[in-house]
Amino acid sequence: MYIIIVGLGGIGRNLTAISANHGNSVVVIDQDETKCNDILEHYDVLAIAGDSTDSSVLDDAGIERAQSLVATTSDDAVNLMTCWLAKRFKVPNVVSIVNQKEHSALFKEVGVKISENPDELVATRLYYWAENPNMQQLASIPGGTIFEVVAEDDAPIINHEIRELEVKNFVFIAIRRAGGELIIPSGDVKIRPGDVITVFTKKEAEKECIAILNRQLKSPKA
Amino acid sequence: MYIIIVGLGGIGRNLTAISANHGNSVVVIDQDETKCNDILEHYDVLAIAGDSTDSSVLDDAGIERAQSLVATTSDDAVNLMTCWLAKRFKVPNVVSIVNQKEHSALFKEVGVKISENPDELVATRLYYWAENPNMQQLASIPGGTIFEVVAEDDAPIINHEIRELEVKNFVFIAIRRAGGELIIPSGDVKIRPGDVITVFTKKEAEKECIAILNRQLKSPKA
Amino acid sequence: MYIIIVGLGGIGRNLTAISANHGNSVVVIDQDETKCNDILEHYDVLAIAGDSTDSSVLDDAGIERAQSLVATTSDDAVNLMTCWLAKRFKVPNVVSIVNQKEHSALFKEVGVKISENPDELVATRLYYWAENPNMQQLASIPGGTIFEVVAEDDAPIINHEIRELEVKNFVFIAIRRAGGELIIPSGDVKIRPGDVITVFTKKEAEKECIAILNRQLKSPKA
Amino acid sequence: MYIIIVGLGGIGRNLTAISANHGNSVVVIDQDETKCNDILEHYDVLAIAGDSTDSSVLDDAGIERAQSLVATTSDDAVNLMTCWLAKRFKVPNVVSIVNQKEHSALFKEVGVKISENPDELVATRLYYWAENPNMQQLASIPGGTIFEVVAEDDAPIINHEIRELEVKNFVFIAIRRAGGELIIPSGDVKIRPGDVITVFTKKEAEKECIAILNRQLKSPKA
Amino acid sequence: MYIIIVGLGGIGRNLTAISANHGNSVVVIDQDETKCNDILEHYDVLAIAGDSTDSSVLDDAGIERAQSLVATTSDDAVNLMTCWLAKRFKVPNVVSIVNQKEHSALFKEVGVKISENPDELVATRLYYWAENPNMQQLASIPGGTIFEVVAEDDAPIINHEIRELEVKNFVFIAIRRAGGELIIPSGDVKIRPGDVITVFTKKEAEKECIAILNRQLKSPKA
Amino acid sequence: MYIIIVGLGGIGRNLTAISANHGNSVVVIDQDETKCNDILEHYDVLAIAGDSTDSSVLDDAGIERAQSLVATTSDDAVNLMTCWLAKRFKVPNVVSIVNQKEHSALFKEVGVKISENPDELVATRLYYWAENPNMQQLASIPGGTIFEVVAEDDAPIINHEIRELEVKNFVFIAIRRAGGELIIPSGDVKIRPGDVITVFTKKEAEKECIAILNRQLKSPKA
Amino acid sequence: MYIIIVGLGGIGRNLTAISANHGNSVVVIDQDETKCNDILEHYDVLAIAGDSTDSSVLDDAGIERAQSLVATTSDDAVNLMTCWLAKRFKVPNVVSIVNQKEHSALFKEVGVKISENPDELVATRLYYWAENPNMQQLASIPGGTIFEVVAEDDAPIINHEIRELEVKNFVFIAIRRAGGELIIPSGDVKIRPGDVITVFTKKEAEKECIAILNRQLKSPKA
Amino acid sequence: MYIIIVGLGGIGRNLTAISANHGNSVVVIDQDETKCNDILEHYDVLAIAGDSTDSSVLDDAGIERAQSLVATTSDDAVNLMTCWLAKRFKVPNVVSIVNQKEHSALFKEVGVKISENPDELVATRLYYWAENPNMQQLASIPGGTIFEVVAEDDAPIINHEIRELEVKNFVFIAIRRAGGELIIPSGDVKIRPGDVITVFTKKEAEKECIAILNRQLKSPKA
């Protein structure tokens, strides 16, 4: 894949690493020459110090033959204009982060795939964990959440087969057991203390789910 | 919940918003007085401009009665020392982001829950999307990945009931249908074009899964 | 008129002065608080220090009831996103400067009136003057240019009536005579030395026109 | 032409581009070495990093054989002293922008051709457009203004020959028709909807002119 | 000895000088490239510009075969994390300065030898001297202090043998006599005016000690 | 004591703390107003933002009635001039740190008590410790050094009375025993494992001393 | 006298002090607000933070009633334009320093009294002194120099009356004798060792003059 | 002459120019490497970027064989310490500017020739000129001043021989006449209008002197 990555902040640098390590042809664009030089020392990529909203810079980056462009700067205006130019250059796959939710509509109108506020994504995850140390939020989709829960010794589920549970509003996705075994749960799997259970639950069933798997519904201290 | 948030970068600011909006007692600590003043204008929190590794600052933040402390700075050394001090102050739930993977062991030894490199998390997600515009990675766990896939018109799965598929290595988690309906898949659900399918698949079955659901296994251009 | 002006560079400051002096309701937006405070000391306007691509800032600026928004920053990406948001807020009249010619198409697609590269406008004018000290370019339109020429003592036109000239490719627009009189030229006006003639000429007739009016077609020194 | 350009701000850079593209011998002077290096990468000119009020710098720039010097810095004091030195070096054609109107007299006394406040020029143009989206101011001269107006479908002028109009105080300069045709108007030209009319009007006839050509004399909203 | 020195502030630079002059293999690490280059000009050491909490930097510094690592930065969090990583790399001898007393416990728990607040050490010494110009504090240990005192002409001790004094709470350590002779005091040494006496005294005997040796117990001026 | 402290770096701040805590009248002088304000928040002192080589500043600081002035800046030229002015103002006790050894003579000529390079003092201490983790250098005087040594289980001295040792070139100063007891050593004290022994030794006897007390004379690894 | 002083560098500050101390009405102008505030704390003057080439600033400074304006900035372009504006405001007495000799002609043309390069003035004085420690240059005029010379014990002039000397090319101006007596020399004054003689000499007689008064014409070392 | 110049401010640069142009061996020292490089481009000198109070820097500058050292920095503490070190290195001729009058005594005690506050010197000159445009102060000595006065047409002195005047308290030094002639005044010289008279006058006779030579004793405007 020929991929252009715009912006060398934390996300852009990681994306460069991943893309290069997968053997792709990678071009990065950033205004800051220092960051460009730095990335060149670490990865076998092409780096261009310049303004990605400048057509001649995109040209130098080989926009004509790019299969993907991913905009990762913290400035939505730059992301938007860059993506739009990329669409006009007929790049098949244009992706962007969107730092402010209110800008999402503009990106969609131009036909850009977006990943909304990455910082909020991480913050949500940390927040769940701060609330309940034995439960880690992995992702959310509209209407529900995917968690990891550690089965506590005295949780109701312990030593029961999954099929025994009335699970209308949640789905067992996977179980990781001490030793690293990964089990795709079928009805006759019996849960043991310490199992790390990946589970999907609808919003309305979240508390019930935790009660069954982990018993952590004590009232907060203060 | 009484929660102390250390660092007011993008993640810290979002975490402050989420925590305040959930009605918690929130204290934030950042070295930069400007950032502290800024957060005070937007949320009903306490903000302390100071060094979180300074015990007197933690004291001012009410560390004695905090139920959670979350360290979100981009400096692992600060996160580590702050978390360690928090543990010694008997904060029940101490969480930190870890910017460099190699530091994870130190945090675990001190008893801190960690969320590794948030930028890498986002970058991975963008990368999957750059590779395949109809498939969005939501999360990964050791051994497998959770995706969202849009069912294409001509995908093999269309108009089949889930039970017809031989799905040994993946799990249907949820289906979102035009109009916003969220379906927890049972065997007799029939897939329609445009359905957004949330699915878990083991690493080794990833390609097969996409082939069945989405038919996007064309060879790349270059 | 209720007008929002984005950007307080040289152009924005002048536009604020003109707009305020014409008795309009003026709101200015600039990232730089110092510039905002400065403008408030000189004009009876509202000034908002903030990012014009932030919807809440536009809201504060009264975008709902604005009749015009003019974007004057040196960053086309900011101008574009701001104007687009303004269009979505149904501002009837959205105008922007465009700093790079290649971006013009994007602005037009969103329905924004544009004024291309203002620096180039001034530079063109200076260039003409540098070439010929007695001829000042006032404006150009596709296919032709509007000049001011000082009629020299020995120019062919002196003491001739306009109707005597074979003027196929140019138009006499106005004549300014010593003492400040402004004459709209009719055929029987006789040109005198020192008259400042405003004239339009097609590109192909430019040299001929100067030869007749001013005789400055000497070959350059080097 | 051998031309010296002082200052590499927006205007200076554009002037350099225009001058170089017309095949002149161009020397630029700016205090900032970075700007000098940058211009050298793009144009075939000579660039001198230095203070243009320093005679030895002017000497290096070849002031002895220069035919024009154009001062474009934002500092009138620098422009004035540089131009004055240029006059003493007998440069035939010395041009300057003047940033503050009050300084114009000094420049004139030294014999420098001046272009007053370029930002105000652009701002005036934007202001006219903000007031009336179908009318673009192109230039003004003492006593009158040159506009472009789009003929609206229901304007009084539509389908009339120019000669039918009583046009005492304005001059038709040119008409641009869909397809790009440029017409120098004679009396029997008939105006069609969508024609872009370039017109000169005396100050006192401005409103009347717009009423006839464009019908935009509705009272403002607020 | 193979020694790694972290931080090139005043202490780090001096430590580098001492270590290099003793013929050790020395590696220094500092974030600031300028400081690294500077040290390379003066000493035969290896200097690495980088973050000492980054394992790959420690690797480059040869942490695997280091016998000592000394952390000297003014940031305790950096010192702590660096030292901890060094312990995990099995460096036999890990030493650090600790800038805030409250952090000492953390360093000790990791097994790091610490030198508390070096600035306080020097300040204490200066303070003693400011109080009594003939008495210089050399060091303190819990419960007592080591001084240097100049024997004044009229001090009670002059011309007495040490054994004559009832010295229950202090120890004569050394006597330096004009000409530079260093005497380890035995009971029959007779004190002469101008002798510089190094003496240890318990806290409670400090004043008595000075009275005998130096007679400086006048009441302060103000 | 009325004391003036010049410079609010690390040493100056600590000296201010010590001096204020001892109940002295303290005046501090530093060029940096921020540092002055900061110290005022923590201690009951007078702080003057200004140049200590300016007589009027010294005047404001009450130099006429000061009993001591201590110069602690990192700039020897400032320290020297300030101290000299203080001597001329008849301050009885003038003390300074000297950052470069070569400057010591100048200070002495003016009659200033000096403490040479404080960073070197600390660095020396760290160096000794880096070489031998069980031995801490406390101070040195010309011709010898004062150490603290932990008596190892298998050191020759264990369970011997001090008088049994042939100690020609060193002096036992104090012994600190588990539990915090401080013993002034007489001949019949018996050393136990873990005792922390403060000892003075002549340069030439240093190795022998360590061998007896601590057995750490293994040859270094590399 | 009502005096306006432009620029608060070293010269401007000293001029402000002198002018204020002579009881004049003083207004100072400098771009730097900090410098303006600083001067207000020390002198009873009016200070305006602004650009002296801005007519409204000169207006605020009371240019209409000023008797003198002195420009002291290090930027000749600013000095020139300011002085010129002052001349147009009919300030009777306009004085400026000129930093580059080549600019002198421009100032003179505008009618400004100038003091050329003040740094060169001081440097010349230092140079003379560096060459001959007993001779201090006080000033030069075209064709000659004014010195101070200390009469050495063995100089030819000692114990001679002035009239005895053949002094064609120099003039005795004054003699300062130990004790501070100032003598205006008449022919019968006898020179004594240690007399400080102020003398004017033509360029060609400089060496001879020194030979007679001071005997310092040894050939230089190297 | 082998001369070391410390400091490359305005005075230092001019002194370097003068010294180099007189064919001396010149070494300059300044902390700022840029300034050093700059001076090397213009003069054939040696330039050392470093701290002149550092003995090794003075060593590199060849202090052992220097005949003069001139300190010109704006920091008296640096000037003092540098000069003192130079005296200890036995430099025969050590000169310094002194920025604050109160420091003069210290320099003199060390044996340094000083030139007090150069800015005040220039300011005094400008002040005299601001007061009286026809009179320029050249220098002052204790008790009197040296001026240049232009003889006005109607001054009492015009067409009188010098001997006619009762000049008890002033000395005619030189007369410069139109055409550039320099006259050393004898009694029978007759003063003509426009003569530039260099004159010395005692303080008490200053006004009388001006009255006779120039008639400028009108009372000031305000």
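So that you can tell them apart, the chains are marked A, B, C, D, E, F, G and H in the order they are listed, and the count of residues begins at 1 in each.
The definition used in the following text is that a residue touches a chain if its C-beta (ideal position, glycine included) is under 8 Å from a C-beta of that chain, and two chains touch if they have at least 3 such contacts.
A quick note: this is a predicted structure, and the numbers were derived from the prediction, not measured.
The minimum number of touch steps linking chain C to chain G comes to 2.
Contact with both chain C and chain E is made by no chain of the assembly. Residue contact pairs shared with A-C exceed half only for one pair among G-H, B-E or C-D, and that pair is B-E. Mean C-alpha positions place chain A and chain B at a centre distance of 6 Å. Distance between chain A and chain G, defined via averaged C-alpha coordinates, is recorded as 73 Å.
With centres taken as mean Cα positions, chain H sits 49 Å from chain F.
With centres defined as mean CA coordinates, chain H is found 52 Å away from chain D. Residues of chain D found to touch two or more other chains are absent. Taken as a contact graph, with one node per protein chain and an edge wherever two chains touch, the assembly forms a single closed ring in which every chain touches exactly two others. All the chains close into one ring, and from chain F toward chain H their sequence is F, H, G, D, C, A, B, E. On the chain H side of its complex with chain F, the touching residues are 53-55, 75-78, 80-82, 84-85, 88, 100, 102-103, 105-106. Residues 1-3, 9-15, 17-19, 22, 25, 65, 67-68, 70, 72, 74, 92-93, 95, 97, 113, 115, 117-127, 129-131, 133, 138-139, 141-144, 146, 148, 168-171, 173-174, 176, 180, 182, 184-185, 198, 200, 202, 220-222 of chain G are the ones that touch chain H when the two sit in their complex.
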